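Listed next: structures, encoded as structure tokens.
After this come two complexes, each holding chain A, first together with chain B and then together with chain C.
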Partner chain A sequence: MASFGDISVPYQNDLRVLMKYISTLVNLGYETIAINRTVSPDVKGKGGQDKIPGPPNLTSLPGLEDLKKTCPKLKLLSRITVIIEDQQQVRFIPGETVQSYDIVSVQPTNEKLFQQISQAVECDVISFDMTSRMPFYIKHPQVNLAIERGVSFEILYAPAIRDESLRKHTITNALELIRVCKGRNVVMSSGAEQTIELRGPYDIINLGLLFGLKPDQSKATVSRNVRSIIYHAEARNKTVKGAVSLEKMPVPASSVKRGHENVEQSKESDLKSKKFKV
Partner chain B sequence: MVRLKSRYLLMEIRFEDGLVDQSLSSSTVYHDILRSVENTYGDYGFGCIKMSFKVKYVNPFTGVVFVKCSRDYYRMLWHAVTFLKEVNGRQCSMNTLHLAGTINSCQRFLVKHNKKQLRKMLAQCKTPAEKGKISKMLKQLPSAKSMEDEKKKRQGDLALKHLTG
Partner chain C sequence: MSSRVTAKQKSEYYYLKCVLEQEENGTIKYIVLERVKLKSLIVNALKQLHGLVGAAITVDVLKCEKTSGEIILRVKSSDLIKLRSSLTILNNYNGTPCRCNVKQVSPYLMSLAADSRAWSPVEVRGKQSRYYEQS
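Up next, the complex of A and B:
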């Protein structure tokens, strides 16, 4: 079974607060955690690309070492959510800063942009603002296109806990989304603004039933689908066209060049030491 | 005659400030959960849950709560508990640890869970005094084997009673 994961913990400027979120999630039983940054890049003027902040450094968080002792499998990732309100903002997504994040997610605000994103834009997750009335209908063809490309859809559950009216909207929109995509490629993540809005994985699985998922699909939203997002992101980031990846491996001691005669041999072993993954 | 079947939920209350609430009692938890059921499922949900819903045990120091509910409607209760935001007038969240058909099985899980928690605490200890305290506690706990033995003994006693009585 894939481990449980939450891919939408909002980034906090105060690292201690961020650490509080992470330790709460670890206590609840999550092992894969993605720290999310939401941006809406400015189209006007030059240097919109530069205004997007780079991925946060997640290795030097205070107290992370202690936490790794209790949970050795803990995996921290960085994630960016680009809110797209304008056609021109789409060009930021293939940019270097956005692609340097571990997971890239896109939030379209109208139907045309949604179609464009589901067809061609390189991303891992498509999220919607589910806290208000959806400005457009989610349609089968676009959703199927996205699912074929391995892109997932996201439902945030924290707004449903936060407030009653937000809960109504979240349930409506989630039911609609799940009806259209038939429960495939859906992930549920927190998007919490306080640590008490976080819930354990089994509570979330139960909540999925409320959103119209079947029990097995509901379980996949916090485990298997999260893992597939991470694999999708790795295929996008670290491979050439999703087919070949190069990895440097330490050169074995026996192949160290000893003399003129061994040059050819060492070349050969150098080639061998590069591992090809298909 | 078919027995009325129920589900037991083992839950943990986590307050926002990380403190414990000594005044936490089963009646306050009962009323807060019931109100949450009414908020999420309305009058129908309230009616479904009301008869079978019971808070069996509350530990204000560890925040552990045992809840009983009819098997047909326990999901409603569970949803309502997920949406619960306040207990005893303080912001909190409830995390479900275990779901079982008997309260005994819940208790067995709790013993295991507490052991795990103690081991985690042991790993995070910084001073030797703390470490000694927790390792002493761990030693005092009954081992899995002794619990199993006790269970077998109890079953044997019951069988004997049955035969003689």
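Up next, the complex of A and C:
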């Protein structure tokens, strides 16, 4: 069984607060956690690309070692959500800073952009702002295109817990989305603003039933689909056209004796370890 | 002689073990409530999400453990989804944010006696879990 995952924990500048989110999620039973950063790059000013912050360093969080002891399978990922309001902002997505995140997600704000994103843009997740009335209808052809490419759709549940009117909108939009994509490739994640808004995975599975999912699909939204997003992201990031990937191997002890060859090998592996640009 | 009992039909009731949690000074603490207050909290939560139909659901509070904050509820199996979603949506008690953490759900009351998920080989039996601050 795929482990449970929450792919939308908002990034906190205070690492201790971020750690509190992570430990709460671990206590609730999640094992895969993605720290999300939401940006909306500016088109007009020069160097909009540079203004996007790089992925946070998730290996040096305070108290992470202790948490790893209680949950050895814990997997932390970085994620970026690019809110796109203008056609020109689409060019930021293939950029190096955005692609250096583990998971890339895009939030279109109108139908034209949604069409473009589902067709061609390289991303893993498409999310919508579900807390207000959707400005456009989600249509079958676009959704099918995205699903064919392995892109998933996201539903945030924390707004539904926070406030009554947000809840109303979240339920309508989620029902609509699930009707269109027939329950395939949907993930549910928190997007919580406080740690108390987080809920256990089985509660979310139950909530999915309320959104019109079937029990097995509902379970997949927090487990299997999250895993498939991670694999999709890895195929995009660490491979050449999803076909070839290279990994650094430890040098076997027998080759250490032959000094000159060893030097050559390490040179080669240095070259290989550089990121592939396609 | 041991005998094997198989329940053939769908069970009539479901039992839920849950804990009401609250955050205080950065640590999670459980809330202990009286039965009447707890019942009204649950009915309100049901009414909030499912309206009058939700409020008509009968929920029995079987147990309110004072030492561990555990609550055991009983519902008709047809109403389980409605009750559980209302507990998920529950977000405040007396104005302070809270969470109803559903620990276990089972059609058999007996199986709530032991929690396989909370069990760990490292922790000594009888010791309270480290998740809660001891009050």
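By our rule, the second predicted complex is superposed on the first by the 254 of 278 C-alpha atoms of A that agree within 3 Å, B and C clash if a C-alpha of one lies under 4 Å from a C-alpha of the other, contacts with A are read in each partner's own complex, and residues count from 1 in each chain.
Convention: a contact is a pair of C-beta atoms (placed from the backbone, for glycine too) under 8 Å apart; a residue touches a chain by one contact, two chains touch by 3 or more.
Given the structure is predicted, the values throughout are model-derived calculations rather than measurements.
Q: Is the arrangement of chain B and chain C around the shared chain A a clash or a fit after superposition?
A: With chain A aligned, chain B runs into chain C, so clash.
Q: So, does A:T195 touch the first partner chain B, the second partner chain C, both, or neither?
A: A:T195 contacts both chain B and chain C.
Q: Would you sort A:I161 into first (chain B), second (chain C), both or neither based on which partner it touches?
A: Both partners.
Q: Report for A:S132: first if it touches chain B alone, second if chain C alone, otherwise both or neither.
A: Neither chain B nor chain C is touched by A:S132.
Q: Should A:Q119 be classified as contacting the first partner (chain B), the second (chain C), both, or neither?
A: neither
Q: What is the contact status of A:L207 with respect to chain B (first) and chain C (second): first, second, both, or neither?
A: Both chain B and chain C are touched by A:L207.
Q: Answer with first, second, both or neither: which of chain B and chain C does A:D66 touch in the superposed model?
A: A:D66 contacts chain B only, not chain C.
Q: Look at A:Q87 in the shared chain and tell me whether it touches chain B only, chain C only, both, or neither; answer first, second, both or neither.
A: The answer is neither, since A:Q87 touches no partner chain.
Q: Identify the overlap between the chain B-contacting and the chain C-contacting residues of chain A.
A: 28, 160-161, 164, 167, 194-200, 202-203, 206-207, 209-210
Q: Looking at the complex, which residues from chain B come into contact with chain A?
A: Touching chain A: residues 14-16, 39, 75, 78-79, 81-83, 85, 91-93, 95-97, 99, 120, 123-124 of chain B.
Q: Once bound in the complex, which stretches of chain A touch chain B?
A: Touching chain B from chain A are residues 28, 66, 69-70, 160-161, 164, 167, 194-200, 202-203, 206-207, 209-210.
Q: Quick one: in the complex, what on chain A touches chain C?
A: Counting only chain A, the residues touching chain C are 20, 24, 27-29, 160-162, 164, 167, 194-200, 202-204, 206-207, 209-210.
Q: For chain C, which residues are in contact with chain A within the complex?
A: It is residues 21-23, 26, 28, 48, 81, 84-85, 87-89, 91, 97-99, 101-102, 105, 117, 131 of chain C that touch chain A.
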